[in-house]
């Protein structure tokens, strides 16, 4: 029996190699794949699962907001986000406020009742919101990965303990803890805020990653790796991690939007950073000043629109990643 | 239940498939999963459909059942069941025809039963769905008795009735599927790789059950699979598929004794034998891109006897002896009577 | 008091567990199934009803014991059911009699005699007399824990109280107090001591008695209305045709047949209610909201007919710097801040023009005018003087940083460089102080001080002040005086000085002002404290004390507090306004009795 | 059903153990956490009094009196033991900020509203979300529906309270003006109409429903998308299952397949989420309740936290903790009954 040398072969040949095993005459493929899947992916280099319009458009939306944050400050005077730098209550260009003032090009998005410029707020506030979300999610998912892997891989008492910890964190009302921690912290900046939110961002990912790790631990290739004497670290990061990657990416993005939502919620209650312009903080001022009633729709409308954009972008990225992680979803949308 | 009402077709063919094409749409072009296949099935006959994975045999079955799922689609062809072209039927008409005329014993027996429904309900729902509103409506008791009878027929104990699928073994599940398939006395049962996921002993049991049921009911069957050994024992004729085309179709005996198409020969040769160790020939050669089949013969890339003609002209099916037709240029001059 | 289980009865474990769980369940069900009030409400026309704003959520709507601190009383009770003895009228600066006729003292100001009206009756027909007053005061005097409302104050001043005759009560004070009537019996601000019906309260535990049983007529009061229904969000009062005041000819019955106080929620919400004429009086709202509802409903009026519409609230806003933390321990440094701050900009931005810069440390009421006007040269100039402020900073060795660091810096003795910075704490409960602080912070930063602000929860904010854990706060702790200066001045005397880490009593002098000038100031204030109200000897003492106070820049006054109280004239007229100023306008004060009697049907 | 009795008892014991441990630890945390913040609840209470009346004389004496009364001068260990003891009796004590109301009474009054609001909105969200998700994934859904649904998901990206404000503005304030009606379509505030007595009467019930529509809508609007996306994913997974293939081959009616084969299987994981939402619902919807002046638990807890009203924070959060932990416990215990594939034998 001539064993073919693997090195020079393409993936397709390998596949063929297994389809006709020498042990039986069965033309047996364990996956029972039909023609529509599997082969197509390797045939066209543009046909990778990562080339997903949802992922791309979502990334584009988020990217634009980041770019505005980076380059906007060179194009617009961002000092205008501070109190008293502009006339109060101006409408956006082309509109009129209830006092009959019309919008001017010096404040194209209008201003609010403390004389903050809405355009500057957008330029500074939108990336700030994203930043808080990303930092909180990074910490949260980081802890989630660490604990999830430990829990799922080691199991036993450690697993019980971590699950208990997660359970408790989920049961204790976050608002209570956040308000109290805030009173202990000297000055609340974006990073403090993000760290606070991360305290509540980890249990979800931990539990889910734990489940995934546990099911993967039992899967064939991990067993094989273990039999071949790979170290647990190598198995974790060499074998399991790459397979979890699209999934982790999706839950990271989910965690980003969750953290942004939580941050905006806190800010909207007036519990955010003080002098740092944030979208939630703008909403707080708008709600406290009865902006709707005053027909200052731009005051609420612009932050809500930006937030919706951010969330939509993240949602699209998440859906895209979901489809990459789960080919069935992809199939359904093609 | 009387299934043989009328036969407008003058022949005794139960099923005629003509030029059936099923393509899958992909960004890189259509995959020709089933590319113009023709065959017929007589009353009471059993046809085996063999071929390697991905050759389109299951797709062909789905084409007959009209259950091709997007992105797949039936491009053209005729599927005549008792003379009626199924492809022209409306969705509703087709739905009524399914199972009452055309039943399926699915592949992947492990997961073919709804995990959240008890066994009896899954059998009961086909009976209830296809029950005409008229006088032959069965009472609850009658239905229950019928289900128990079906379970007995496939050799399952009565307690199965109340169970959930996860409580059954793979073989038992597959026999439940068989019981379900015969619930309405269909004219044709398609068994799609019904035994492939089972271990060898259970495979035999299931195969025997299929055989027994077939003998009891005299139903026509298409059995799809890749275990030539198993096939030999249950089917009357075998159709060999390669890359969406039927390359050879013949009676079981002829396939084994006189495998004519080079691909069939490779298949037969690869059946292991204890007496001699044979090299694995099928592994040689390349498969083509299913979206862009090469001009000429479909098997040219792997064919040991390939000629220049094969690379440009697609071979027609040649009837080399009674009931054995082969699509290969090698038999150009041995045509017995007519092309199929 | 038992130390093991304050306020929790001991029961056998299982019984109490089940009992308590059932209790919550039962209450939940009861609330839905059973009617809360036994008296069916008869329908009353909207035109005969006045609807008031009861502000935010009422924590315990079924407790009408005003002496426990959690109980609410401004949801109609002390505006329509419980009547005051006297009312201080801010507009006339007079103390008007109501249930009381006169309250006079001896020359030493330590024996006060109260005479009340004849024929005053509780709603159940019992007489309201000296016994009730003596009972109430004794109850407060006997509270060793000092935890009942006003108990501490009563015990601070009153040695004994005695009934002279059914309509006369004599208070024997521990020390002279010229403000005894004013502070505790005249609705000086918001409310005052409410007299309890002895025949209801005599056998009750004043700490836990809820005083709520509509069938028995509780809460019992003397006013022209009785509580008809109390729910989570609504308090309905119906007119009593047998009010004592009608029978004695004191006053006619008020015109409204029904008064309703509703819990309104956020500003949007109550503004919309007002615009829809579902609310006749709105609690304070912002200028923007007022302009919006005025545009929708032309019948809205406020204290002033035009911009800025507002009425002054008694508690002016200020910055308090911690006198123990360098560099703010230097009066010059504090003054520099005061000079740099542009009070008019604060008013324009934080209040959108609806407030007024504070000239003095006092509220600019009619009654305070003589004192404020007495020393015009001492008060804060109209405009800011940033240059002078910077000069003061530079005189103290601070140098403006260059380039990136634009803040003032100073080489310290240990060689390090310190940046001039200040953190201002505000109470997160309201947005107003935060907005003021936001403006101040920008002004200070522009001038070269690295200022920041931080809103913190009320309880923490309060503690930080009391224990001295702050650099600066935006607050209103000079609040107190409304028609005489002593009360505010007394809050900064050295008797209240506590070191950092010890609680400043009642947040008095929490800035921790001390030293020889503070001592002299305290002496002067003590002398003012025993002079009769409005007495001629006050002025020289006052002038000297304020001079010391301002030299030291003990606090930095910012602006007057404001209240924009919209009234809806669709159904009712006769609301107090600047041109019809028979009384001050806050409708959550006990003085609202005057307004309710003055309302006229609009159609 | 292969589990032996012993295994089941061990399983039950472990789950109960985790339940009790969670409740105890969380209860301890909610004892400690509020006390970490600097600030004295009693002083805060007096400070609020001073906000009403300008200046409270003798505040320090009053504070001392009330601290003693609430046992706040005792060492923390004694307070803790007393607290646990009281919790064990389910005795939640008196509120500090609104003494002498007991925490039980305050919760008892707030709970029905929150449970009512949350229950309706959670169930509605669950039903609508899963229905929409199912429609999105179902092959036979008309194309126009599939095109119409995704835009509604935009609401998912708006914080709930903003949706509440927007709804309030449109339906309670502007719409009737645009339509020329004299009264708003929906009430602006509260849980039931003015002048109605709570009780079992049609006007009251109708009024409760009328008042509940906007709050419920604002919650449903922002939440249903999450359910829909989850359901869609599950449906697509189910769609690819072999039994779906067989179901179609069986010639079953499309709706029958949708309900009995797809939804029944796809909804199982969603039920876990539902149970968790139901467990946490006693916490209320802080922002939405505040905006609609809805007298529920969310407002109660929010106010208590801001006032540092220890007993109310502890009492209310304890109920949430017990609720959540019970939901988790019940999921573990009851899920095998819902999903026949899973038995107690699981790891």
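Going by the order they are written in, the chains are A, B, C and D; count residues from 1 in each one.
We adopt the following convention: a residue touches a chain if its C-beta (ideal position, glycine included) is under 8 Å from a C-beta of that chain, and two chains touch if they have at least 3 such contacts.
Everything numeric here is computed off the predicted structure, so don't read it as measured data.
Simply put, of A-D and B-D, more C-beta pairs touch at A-D. When every chain is represented by the mean of its C-alpha atoms, the one lying closest to the mean of all protein C-alpha atoms is D. Separating the CA-averaged centres of subunit A and subunit D is a span of 25 Å. Chain centres here are Cα averages; for subunit B and subunit D they lie 54 Å apart. Averaged C-alpha coordinates put the centre of subunit B at 89 Å from the centre of subunit C. Chain geometry summary: the mean Cα position of subunit C and that of subunit D are 36 Å apart. For subunit A, residues touching at least two other chains, in rising order: 179, 183, 287, 292, 331. Contact with two or more other chains is made by residues 37-39, 165, 169, 306 of subunit D. Counting partner chains per residue, subunit B has residues 107-108 touching two or more of them.
Those residues of subunit C lying in contact with subunit D across their complex are 1, 3-9, 11, 13, 16-17, 20-21, 23-37, 40-41, 43, 57, 59-60, 62-63, 65, 68-71, 74, 143, 145-147, 149, 151-153, 156, 183, 189-191, 207-208, 210, 229, 231-234, 236, 260, 262-266, 268-269, 272-273, 275-276, 278, 314-315, 428-429, 457-464, 466, 469, 479-480, 482, 487, 491, 503, 505-507, 588.
Interface of subunit D with subunit C (complex): residues 37-41, 43-50, 52-66, 68-71, 74, 82, 85-86, 88-101, 104-109, 111-112, 115, 165, 168-169, 172-173, 184, 188-191, 194-195, 197-200, 290-293, 295, 299, 303, 306-308.
Residues 1, 139, 241-243, 245-253, 256, 260-261, 264-265, 268, 339-341 of subunit D are the ones that touch subunit B when the two sit in their complex. On subunit B, the positions that touch subunit D within their shared complex are 65, 67, 70, 94-100, 103-104, 106-108, 110-117, 125-126, 129-130, 164, 166-167, 177, 180. Note for the complex: subunit A touches subunit C at residues 82-85, 88-89, 98-99, 113-115, 179, 182-183, 186-188, 270-271, 274-275, 284-285, 287-296.
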